[in-house]
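This report refers to the structure that appears directly beneath it.
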Amino acid sequence: MLEIITPSVSFFVLLSIFFIGAISSLIYQKNDSIANFLSSFFSIIGSLCGLFFSVSMIIYGKNLSFIINYPYSSFFKISFHIDLLSAFFIFIISLISLFCSIYGVGYLKHFYKKYSIGVFGFFYNLLIGSLLLVVTASNGIFFLIAWEIMSISSYFLVVYDRYDTDNIKAGFLYLIMTYVGTVFIILSFLFIYKYIGSFEFIDIKSGISLIPLSIKNNIFIFTIIGFGTKAGIIPFHIWLPAAHPAAPSHVSALMSGVMIKTGVYMMIRLFVDILQPIPVWWGILILIIGSISSLLGVLYALTEHDIKRLLAFHSIENIGIILLGLGSALIFYSLNMPELALLGLMASLFHTLNHAIFKSLLFLSAGSVINEMHTRNIEEYGGIIKYMPQTAMFFLIGSMAISALPPFNGFFSEWLTYQALFQGVAQLNLSFQGIFIIAASSLAFTGGLALTCFVKAFGIIFLARPRSTKVSSIKESPLSMRIGMGFLALMSILFGLFSGYTSRLLEKIGKDLSIFKDTNYFTSASFYQGIDIKNSFASVSAPIIFVVLIIIIFAVIFIFTFVINKNQKIKIENTWGCGLNLNKRAEITATGFARSIILVFKGILKPSIQNEVEYHDADSRYLPKSRVITIHVKNIYNYYFYQPLRNIINIISLKTKNIQSGNINAYISYIFISLIIALLSVL
Amino acid sequence: MELLFIIASFIGTALIIILIKNRLVIELLSIGASFVAFISSVFIALKVSVFGIYTPLVFLSVDSLGSIIMLIIGLICLATTIYSVEYLRQETSKNIIGFTRVKQYFILLNLFLMSMFLAASANNPIFAWIFIEATTLSTAFLISFYNKPSSLEAAWKYLIINSIGLLLGFLGTLLYFTTTTNLGGNDFVSWQFLQDNAHNFDPMVAKIAFIFVLIGYGTKVGLVPMHTWKPDAYSKAPAPIGALLSGALLPVAFAVILKLKVITDIAVGPLFSHNLLIFFGVLSIAVAALIMFNAKNYKRLLAYSSIENAGVMAFGFGLGGLGVFAATLHMIYHSFVKVVLFLSSGNLLLRYNSDKIKNVKGALSVVPVTSVLFISGFLIVTGTPPFGIFLTKMQILSVGINTHPVASIIALFFMAIVFIGFFKHVTSMFFEEKQVDIEISDKHIWLIIPPLIFLVLVFGLSFYIPPFLYTLISDVAVKY
Amino acid sequence: MTILIWIIQLFFVPVISPLIIGVIKKIKAKFQNRQGSSIFQFYKDLWKLMYKDEVVSKDASWIFLYAPFIIFTVTIAVGASIPLFASFLNGPTSDLLVIVYIMAISTFFLSLAGMDTGSAFGGFGSSREMTISALAEGGLIFSLLTVALVSSSTNVFIISGINILNHSQHLLSIMLAFIGFFIILLAETTRFPFDNPSTHLELTMIHEAMILEYSGKRLALMEWASANKLIIFIALGSNLFFPLGIAQNISWLALVIGIIVFLLKILFFSTIIAILESSVAKFRFFRLPDLLITSFILNVIAIVLIN
Amino acid sequence: MNILFLKFLFGVMFLTLVFLHLTKKNFLATVAYSIQSLVITIVLFNSFLETNNFYLLLVVFLSLVIKVIIAPIFFTNLIKKHALAFSVSTYFSTPLILIIISILTFIAYSDKFLPLTSIIPNNQALLSIALSVIFMSLFLIINRKGALSQIIGILSLENSILAFIIFAGLEQSPGLQIGVIFNMFIWIIIASVFISMIYKHFGTLNVTSMKNLKD
């Protein structure tokens, strides 16, 4: 059965499902529930077909490419080329959009009377459709069209809740940054077109030798800026913590789980596949960007009190980890060690998949908490585990996966990235070894800090006593939202358990790329599904770890509850508060928790701590009524780079505005002067 | 023969309206006239796509570029007349203007459309100059329609600057006649005649002539150093007139420059005119982008966007070859999108009766359909991909990167600033919470249908170009 | 025969760890020239706690209830997969990173349990614990990495199998790595310069603060788990950096020698810790990161010096 | 008519323009303009004599009627109606104006514009005078702040272009010339209507009062 659905017609059926969904939900926008039903029905069906299509593509390992030429312009052809790499990304897109759409059915109910659901459905399906187009397009212009449709539709989803002004600001910042990124991408395609004369990826790949090295470096810089802005690497990340929280939760899950991966996809497609004979310093730069983004991403996440901003910063950190894998792959390939390059690429692809899964799980569970609490500030949460036990469980699984704790999928992709970096440290000479050591240390510190951040997040949100009265009135999220999250948690465990099998598939995907045609495997499968690095440097097996932990836990629980002191009485009392009855002021707050880490890293973060004290009566300063301490970390990128840039453009524009001085004599003198200058210059 | 229909219908309606008192008859007559004009321009376009040239009379001939422009004018005149009927009814209901003003409006409108059609189809350069001068005269009073000091100031500046520009253009066109005088006969001198014996044109005189023409008709088109009248005129004129000025008048003026450019290219070689056009094009994109960054009035914003697009067209035509094809396509898309933008800004003005950007808040909930029109118009005009203008801009840039890399990079950079500036104003106008006192109403059908038709038209044209139009455009690409 | 060795390996750590705590307390008492409790006192305390009733706070959730079991299991699992006296019990869970990240699970649940009861001490204890463990993880991975690079495999058993001569070429880097590892050992098991295990002073306690709310069986498990953790780190410290005396093949003689040598190593390590605890004062909290960063730098230098 | 007399006529035209730059009174400006258009009609008459094509006579008559008679009448009753005796001041002081005028004439006479002025070699002197008059009238519009003097500046620009064209041998067929003159006639009517409207709204003809259309 799988055989018949791989031809190109099935891809068009897949695309058409989404576009039908978009149009139909627009038509029925008058009645909210029908529009909601239609849009999520089509997106679910569409993502299911996407799953079948990509799985069959990967298993049968076939490439698909077909071209529809557009009659009116010579260089723009609607051409698709789906190799295993794009099939893998189609798999990620459809997996996450499937569960987000299921989640969305329940989540959209609270938008019913406020905004039109039909418009939401339209842009939501358009976004998923354009995501599929982005990862399969193989003509520069067609890719740019899909890329911009994706940005525009995600913009309209970010500003969907438009009565809140900072959503608008966030959306504005988002579209401006993506647009500037697209301008850089257009620039690089123009340079390529200048030397190769065509926008087709296949022609570019074959004619790559025509481009001189200096131009190739420019193209590299432009593409890094362009796709880096979309992927959210450090200097260009300022839109990500603003835009993702503004969007409805299942859209921000889709955006941070999948959309920023399109930037990574294009980096892989360009650097690994198309512009291939590349100099070494490209890989080194990506490695450095990866380590900076991962380290700073997690540090900024620690200072955050808004749950969705915290998760958005973690997306930046995980993109950094993916880039570590990619950077090491590029370095290895330019030092002609193809097996290690394949290992690095496998690590980054595996982490892309894992990050998509656990990040969207985290966003969805955070979304259902916000949906109940109507505020994103975690200082007002607390004790939610008693009211929303299943959401708490999903958030726990998500945070354990993201901080790479073993039984879950996060650990195994980070393990692979570690192996790639260790091979770098072991086999390369001194100068490269230094860079790999920096990368490995940043990965190690990021792991530790991510653990701290998610202890803070989970502890402050779900554990201990409620910090605001709203908590007592909330109830568990509706069924469809829990199903969405449940499946994602299951996926996170499954991909952890079968990490051996998935790394085999990833290796097959990697070998499909032209540069890895003849490289032999560096990792091999052992009979119990583990991943073994060559000459037994290292090996890990997920099922064994899982089985060992489960057996010992049940043994310990059995022994210590039923064998020793079976009839032990447990009394429920207040927490020991040295005689005071503990209210919410005694609990630790998010600021308190992160204060020590922030002060340790105060060189990088430059925090500013203000404390306001309110006294009972003004003159006697001895009886403070309340004391509020706020730690604020300055956004240095905004302060030192983006704000001055905006001011310069503003000043120049104010200067040019007084061309329009209102005085007619001045206007006529402009014409006269330009006439004289033109005449004198020409004659 | 259809051309005569057009002219006759416009002159007829203009004269009859003077005599009639009943308002409904006036409106029906003008709509009828513009409908006749539209139908006959379509016929002319079909004829030209078949025969290549259409000359009903000795001094009226329409080539491919002329027919495209007549098609544009025909479409836009129909839409604007229908729109202005409803627009003026709204204005009279808010008793801003009386009946005499309405009558005066329709007379001048018909004269303006007639002179534009004649200018597009004139066979002799001086003949074309006379009718472009006639368009300036007929629109002078249309701009000062609201009889407020500010609209009077705008009209005065429009009149003075345009007359100076056209006089310089007049001198320039006359200099082209040095090739013909030594032949003695001062019989009727057509474009083709000038083009045939352009080879014995003294190159230095040709250069001076082209500069005079570019500066002269450049004021009419609105390239940068000569653009100063445009923001004032477009912001003070009623919305349909603004649409006509930027949608229809701009291509007409551009056509004259292009026809004269062909003659200079034969005499002096293409490089001279290309460099000038590219210089003025990039300059217009740059200055328009920078001024647009903090405009305060959304109609002036549209004016600067027309200047920027005029710059893009000049840049396209300056590149030659594939660039000309893209620039003509860009001209068509831009004219139609500008109509959508101006007419929806007219609706905004009717609802908010202030054209300051800061007074318009939360328009998406107040006038939902108009805001959707305006936002999609904005997305089209700034060249976001799925629509046609992105393709034409990319084509111009990709042709430009080969021959003039620095200029195209500067152009791309400023196009980004245009998007950012325009987008900043659109978000501040459309997305916030609406003011309390404005009630939601978008029920005047006739205010919505014309811009909607044009939006659908642009959307359709981005994907499918009818064959006859395609032949016309490729013929233009060959000749110019 | 191997099953017997597996059983010994599994039960060795939990059985021996209370003894070590007793020994350390005895040596510290000797330094403060007082008699001190017998070295088996800790066994009795555990037995006593096992049979006492328990008080659980009403704010606590299931995490507070099940955390002790998870933490204890982690120490058992890690105890079973590291080389104690034999280096041929190679299992898939004995990869260097797996061990480090499984230990991270125990820190994760320990600090969550600390925060769960909603008392100020628990919250601050977890915050300090997480700060230290975040900074210590870098040093831990890199110190074990040096040894792994020397023996070109990250499997802990293979590292302990390498004979001592091979180390002699990289003596300097092994020594630096060991010093770094020893600092990390003190940090992870919250021994002296980082945290005073015997105090309940809320300004300084880290580990004690998190298990403040526990009582009865769960408190016993927590104490026992921290003792196991000490043994695990000592085992890693001794067998990876000085792999002499470990049984290479399954013969009774080698095994007995292995166990004896391992016990001597443990004794030696606990005397060092006890001497350290009674001679050095506890560092101020914000000087600890500098200590951890120095350990990290030492490990990096060690790696660079390898080749 | 011989070349000497034509040179005299162009000299008169040059002087009228210089006078326009310096005059303070609107009435004198209109008089200067009517003299100028008289010169142009004479020149047209001279070209009629050479080609004795009767339509040209019609053109001469039309330009005489419109430019010499009707336009000044319009302007004079405008001046009377609104009592605008004094034309508003200029941007530059009078010595500076003279310097700029001389620079412009120098540019017109320089060899840069030789190809332009030697379209017909023997009229070379006349054409360079005409070119300098074109530049001066452009400068007049820029320099003057009064609306009326700006209009007179534009009309004198038109006259100077006509003069240049006639002597560059680019004279058009009479039909087109009638069209151009008819165009000019409508332009004069509209301009005068605008002047009265400006006076009604702004109370003064000073153009600098119209500068609130900045943004």
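Chains here go by letter, A, B, C and D, matching the order in which they are written, and residues are numbered from 1 within each.
We take it that a residue touches a chain if its C-beta (ideal position, glycine included) is under 8 Å from a C-beta of that chain, and two chains touch if they have at least 3 such contacts.
Note that the structure is a prediction, hence the values are computed from the model and not measured.
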- prompt: Counting C-beta pairs in contact, which chain pair ranks first?
  reply: A-C
- prompt: If you average the Cα atoms of chain A and of chain D to get two centres, how far apart are those centres in Å?
  reply: 71
- request: Would you mind pulling out the distance in Å between where the CA atoms of chain A average out and where those of chain B do?
  value: 45
Query: chain B to chain D: how many Å between their CA centres?
result: 31
- prompt: Between chain B and chain C, what is the gap in Å from one C-alpha centre to the other?
  reply: 80
Message: Multi-chain contacts only, two chains or more: what residues does chain C have there?
response: none
Where chain A touches two or more other chains, by residue: 657, 660, 664, 668, 679, 683
Task: Pull out every residue in chain B that's touching 2 or more other chains.
output: 156-157, 160, 164, 204, 208, 231
In contact (per the touch rule at the top): chain pairs: A-B, A-C, A-D, B-D
Message: Under the definition above, what is the set of chain A residues touching chain C in their complex?
response: 382-383, 385-386, 392, 400, 403-406, 411, 415, 418, 422, 425-426, 430, 433-434, 437, 440-441, 444-445, 447-449, 451-452, 455-456, 458-460, 462-465, 526, 528, 530, 535-541, 544-545, 548-549, 552-553, 556-557, 560-561, 564-565, 568-577, 582, 586-588, 592-597, 599-600
Of chain D, residues touching chain A in the complex: 91, 107, 112-113, 115, 138-139, 141-145, 150, 207-208, 210-215
Task: Over in the complex, which chain C residues touch chain A? Could you list them?
output: 50-51, 53-63, 66, 69-70, 72-74, 76-77, 80-81, 91-93, 95-98, 101-102, 104-105, 107-108, 111-112, 115-120, 122-124, 126-128, 130-131, 133-138, 141-142, 145, 148-149, 152-155, 158, 212-213, 216-217, 221, 285-286, 289, 296, 300, 303-304
Message: Using the touch definition from the top, list the residues of chain D that touch chain B in their complex.
response: 113, 115-116, 119, 134, 138, 141, 147, 150, 154, 157-158, 161, 164-165, 168-173, 176, 179-180, 183, 186-187, 190-191, 194, 197-198, 201-202, 210, 212-213, 215
- prompt: Considering the complex alone, what residue numbers of chain A touch chain D?
  reply: 657, 660-665, 668-669, 672, 676, 679-680, 683
